[in-house]
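Chain naming follows the written order as A, B, C and D, and within any one chain the residues start at number 1.
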Amino acid sequence: MARLEVHDVSKSFGAVAAVQGVSFPLYPGEAHALVGENGAGKSTIVKMLAGVHRPDTGTLRVDGADVDFAGPADAKAAGIAVIYQEPTLFPDLSVAENIAMGNQPLTKLRQIDRKEMHANAERLFRRLGVPLDPTRPARGLSIADQQLVEIAKALSSEARVLIMDEPTAALSAVEVERLFAVVRSLRDEGAAIMFISHRFEEITALCERVTIMRDGKHVATEMVADLSVDDMIRRMVGRDLSALFPKQDVEPGAVVLEVEGLSREGVFKDISFSVRAGEIVALAGLVGAGRSEVMQAVFGVDPYDSGVVKVHGRRLKKGEPRAAMAAGMALVPEDRRQQGLVMDLSIERNVTLPRARKLARLGLLFGGSERAAAETWTRKLQTKLGRLSDAVGTLSGGNQQKVVLAKWLATGPKLLIVDEPTRGIDVGTKAEVHRLMSSLAADGLAVVMVSSELPEVLGMADRIVVLREGRVAAQLTRAEATEESVMYAAMGQEVAA
Amino acid sequence: MTTLSLHAPAKNLLKTRELGIVLALALLIAYTAIDNPRFLSGQSIRDNLLNTAILAVMATGQAVVVITRNIDLSVGSVLGISAFTVATMMSANPGLPMIVALLAGLAVGAVAGLVNGVLVRFGKVPALVVTLGTLYIYRGITYSWAGGSQVNADELPRHFLTFANDNLLGIPWLVLIALIVVGTGSLMMRNYRVGRELYAMGSSPAAAELAGIKVARNLLGAFVLSGALAGLAGVLYAARFGTVDAAAGNGMELNVVAAVVVGGVAVFGGSGSVWGAALGALLLTVIGSALAVLDINQFWQQAIVGALIILAICADRLVAVRIARSLRKRDAHV
Amino acid sequence: MSDTLQKSSDIDLDKRPENGRATAIKSRLTSWDSIILVLTVLVLIVASFSVENFGTSRNFTFMVLDLLPIILIALPMTMIIVTGEIDLSVASTLGLTSSMMGWLWNQGLSIETIIPLCVVIGAICGVVNGFLITGLGLPSLAVTIGTLALYRGLAFVVLGDGAVADFPWNYTGWVTGTIGGGAVPNVLILIVVLALIFGIVQHATPFGRSLYAIGANAQAAHFSGIRVARTKFWLYVVSGAVAGLVGVLWTLRYSSARADNGSGLELAVVAAVLLGGVSIFGGKGSLPGVLAGVVLLTALQNALRLEDVSGQALNIVTGSLLVLSVLLPNITTAVRGNYHRRRLRQAASR
Amino acid sequence: GGTTKDSNTNSGSGTQASAAADPNAAVKEGLKIAFLPKQLNNPYSDVETGGGKVAVDELKGEYKLVGPNDASASSQVSYINTLIQQQQDVIVVAANDPNAVCPSLNQARAAKIKVITFDSDASKDCRDAFINQATTEGIGQSLAKMALEQAGSDGGEIAVLSATPNATNQNSWIEVMKTELKKPEYAKLKLVKVAYGNDDDQKSFQEAQGLLQSYPNLKVIVAPTTVGIAAGARYISSSSYKGKVAVTGLGLPNQMREYVKDGTVTKFALWNPADIGYLAAFAGAAMASGQITGAEGEKFKAGKLGEYTIGKDGEIVLGPPTEFTKDNIDQFNF
């Protein structure tokens, strides 16, 4: 009997029919993948299973019996643990408390047993191979660390059903492998696993069965072994695609960005590299290596202690994003929810936010110019949206990412910094984004790309700067770069000659 | 990156958020006592503690509400309505024992708090709006009911009035009640699940819903607690001051919020502690009486209170920054 | 979060996205600030017909004078609250400038020098707030509770228990007077001009846009090149300057410079801004809504006073209005959401 | 250039062309007489306006009582404006600020409304008459005299616990008292401090505490305000200073009865506040009927209080204050 079953479920948000009549079962002891393009309705299904949304029609069944979750507490009580697409931590509480929230170990007096709680957290972290201090507050954790805490949280509840909505989007290969080891052992103990990812190699590595969705509708549920990746993509997108778009070769132009000896105490030290027009330079490294921090310092949103940033040979004022923007820089940050978008504002306002001053006439802004600017770029990026005046928070994760890209590409930058640009973006759009970056580079744009996805790095970069623990560990040309050489540099081993 | 945390108590003490305010308090007391040693006399200490008691009781409830990322501005008005209800009740039935008065005050306050909580949670109205509204409403009700009438000390039963000054083992009842309230509140917030859930709700309301925390129950609980404690404070107020009219506790909400904020409770919820808030109440009271003792020009007093509040917040901030820095050092890889 | 959900259920079922404009207009009409606007007009009309002496031109002048301080201070306050901060020290700043005005007048300075000087003094109060909040990163609620006490205290230091009253008649008379002795109060021009300036800045300039972004997500605003701290700093300076100006107007209106002028006004201003539909958490709200909120409160109080409703009952009315103004729209959305879900279920079972 | 204090010639006051008085005119019936005290729901002003209501009933007029909840000039102005709109015949007002209410009062007078001030005067060019509870000299002297009596023949330190720092009445009384203390018979009294309780019960209470901590040898607290004297007496009666420190000043018998009986207070003074309101109503009615205009020397009858003569600047003095002691306090109920 199915542990959990989705039966003819529909859900719409206003005019958007996010999920329409989807059914599939989830068996104990199986890892089940859910795939689909951005906005296909995957997260909406997850949220219904988690009790966050109530299905408009249709039913959910646990062990064959109909259930009606009034809230997340009910789903939790039914043994369903969920890792949401966006981390949902309590920043002020310690990591251990975050993990234990709701089922903290108690002493005889029904007080919280802190020692035991911390020990539990350490145990989980050891299992996942994460070097995190359980007593530190969750505030200030990188996206990846947050994601890891989320994973630990879900694992701690010893759930009968584990649902993971893109848990690996922010992780690099090492963490993903450790996560999979843990998940497999859970599965072998009889838990039912639901796994969502846009990376097909992960799906084939972990899952036995896959359910494919398109535009809110169920397309197929099949054994993974019976399908090739191309089959999956075809059914998901409805046409053929090449998953990765290799970068065209461009004759590099003048030096656009020079970073010399950039240091910030406790975060990164003595970072130097340069980027030329037409070049894509990738910053690779393990999670927490400090890549995002470096680029944020370069763009001026973070301070730095010493060093120089030059654009077109001119020294940039530090700690002033506006100066960086004036010099033609744009930064697509890694955390779209906190750094990239203002969720409550409309799509058009978000897209035009960095350019409002340029769009203004006589210092005044008129709605039309904003709308036109937003329209052009969201269309170019094939963003799936209702109205431009909708709050950006109502979009699916991947479409939000496209809005962030649109927002910065619309500024017409000369130097584009993208931090995990395709995180949570589906294959179709990913190829689109890569093609776009490549053609922009061909037009003379200099690009710095921070990415945890090795295939992306290898496919797109002209040069790769590998960071390890806040220092430059290696600079590799396209010819030198292989999966092994990058990983060795990132992990601190000598490159095998 | 170290995985092990250091549990040395001395180190923890240096890192508590409340350190700044303890220092500020110590400095103030030392300075005043040097100027006028009578500031440390038994009567003076007793007076200060008695004056703090009422504010500390209210600050406890307020701290709990603020920790959940809400606010309760209606506490001054709740104190008023409770004080007047209880005083009227006691003057009409002088035979009633003190415990009935205390329970009545708690009950009146709890009902007022429940109304706040229901409006915030089920009406989805921000707490600041709700309680600013009920601040006016509860006060208006008290005024309409009391009019210009006043309950005077001579109408109140003796045992009710002496309650404020009676001791148990040398500790005045009022102070004892405040200690119990603050102590229980601190313990609940620190060591019990419900307390941690309240912190979680304030730290991230959306995540709290997703974590399956019984948000509605906890939120109502927090508001009922704040209301009930303001109600209790009303009884203590009536017993201590003897004269109660419709204006009792007018404007008190700002003092209470100031105490909580000065005590290091973050206005955006999720951090701070009940005992910090109580310390804040103590600091504000001591500032008030120290200025009177230091014989500072009346006209300067309020300005100095303001300056000291700001200093206390700065001190708190300094400690917070130090903690954050030590945290970063611990995580540093370079 | 609940706001996002609410907003999504605002969207009408039958409208397809291409009917965007119609739905947009519809959702505008049911938005909170428009409800307040309609309510205000309604109260004005009903009161003019049913309350004796309400519709007279003299009463109109009285009303404008009564709402003058609240409406002016509410202009920058709206911006500050939209950025997710608050300024509780405005009334004390008003008191301090009033005191200073009296003191300077006693020193023999000319009124023409004193007035701009007072605005500067207000601005300096704002600079202090702004520095503490943006420079040191202290929470604004806490800081302005502190400066609320500090500025009021300084006001007493300056003027003590005295009051200065002998301000020139042509100035005091101008504030309370009307244009050419007609029906339009002089200060109305000031209100209209300032409201227009603030309205345009808030709603139609890049600066105004950035306020909303700051309030809704300061970090994302910072990443978009918006100077968050600097913006907030200047808002406090403007707020202080306006409070200073109101201090001058207040002093002239009552021909009395006193340290306790305007005490308690901060809560009235905050109440009016919230009533006007501005979210206390920042990122949401419009100036027309706030203006309507101020007018609604003042008109209602004026009408009720003329009807001999006691001050206590006014408290209850003010409080209830504040709560209801937020509660009612929420209830209607909830009811509509339920209806929507029922219809879907019916459609599915058919 | 510009307008300075020296160059300023104020000609804005609404001086009315005073019509000739007709001492034989009959008092009109159905006059609309409105009372506007400093603040509603203040027990003292409730007694005053209560007397006014009795008088208006005797005059067969229409009595109305309006007023703000807070004692501020600005809210009083709103009420004056409302009264103008309602076309009252007489406004009896206790000004919260002598100048701030002036423009409005002059507008009222321009609208043919008679303005009588009581309790606390407005500037004399914007009202028609002022009912003075007692002469300033009388009260100041009586305060000094009582202080000396309480301190005993050895004299000693005394302190004043007043209302707000800018309360007009209190300040002028304290001034007289200070002049009085310079006289040889008061040589042994030493005024050490004037503290301000802002007419707030709690603040006054704390100020009393502060006084005793700063001045351990204090013999007498003189509180020329009903709130202050009650709070001071309450503090002393519940502290170890009882019996050592005397409290005196101006108080309401009902509020003070408790402390007179328990010996904390032996003597205090006050006029009968009800008579003030009573007299004000009659003065207003006489003026609205054309019997008097407010000029010095005019006479009118004030019901049970008998005949009064208008003094300089339109002042009408009620009479000397009554002194209350253990022996006579039970005869009074207000």
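Everything below uses one rule, namely that contacts are C-beta pairs under 8 Å (C-beta built on N, C-alpha and C of every residue); 3 or more make two chains touch, one makes a residue touch a chain.
Just so we're clear, the structure is a prediction, and the values are computed from it rather than from any experiment.
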Open item on the list: Going by average Cα coordinates, which chain is farthest removed from chain C?
Closed with: A
Open item on the list: Looking at contacts between chains, which pair has the highest count of C-beta pairs?
Closed with: B-C
Task: chain A and chain B: spacing of chain centres that average the CA atoms, whole Å - done: 43
Task: chain A-chain D separation of Cα centroids, rounded to whole Å - done: 73
Open item on the list: Between chain C and chain D, what distance separates the C-alpha centroids? Give it in angstrom.
Closed with: 37
Task: Rounded Å distance between chain B and chain C, as computed from the means of their C-alpha atoms - done: 29
Open item on the list: Which positions in chain D are in touch with at least two other chains?
Closed with: 40-41, 69, 165
Task: Touching two or more other chains - residue numbers and ranges from chain C - done: 156, 160-161, 264, 310-312, 315
Task: Interface hub residues of chain A, defined as touching at least two other chains - done: none
Open item on the list: Following the definition at the start, I'd like every touching pair of chains, please.
Closed with: A-B, A-C, B-C, B-D, C-D
Task: Complex contacts: residues of chain A adjacent to chain B - done: 50-52, 71-77, 82, 84, 88-93, 97, 101-102, 104, 106, 110-112, 118, 122, 125, 131-137, 140, 265-269, 288, 290, 469-471
TODO: Quick one: which bits of chain B touch chain D in the complex? Just the residue numbers, please.
DONE: 36, 38-39, 41, 43-44, 47, 51, 143, 146-150, 152-154, 164-165, 241-243, 245-248, 288-289, 291-293, 295, 298-299
Task: Residue ranges of chain B touching chain C (in the complex, touch as defined) - done: 119, 123-126, 128-130, 132-137, 139-141, 143-144, 205-206, 209, 251, 254, 257-258, 261-262, 266-268, 298-307, 309-310, 313-314, 317
Task: Complex contact set, residues of chain A against chain C - done: 10, 12-15, 56-57, 301, 321-322, 324-325, 331, 333, 338-345, 349, 352-354, 356-357, 359-360, 363-366, 386-387, 389, 391, 393-394, 407
Task: Of chain C, residues touching chain B in the complex - done: 1-2, 6, 132, 136-139, 141-143, 145-154, 156-157, 160-161, 264, 267, 270-271, 274, 279-281, 310-316, 318-323, 326-327, 330-331
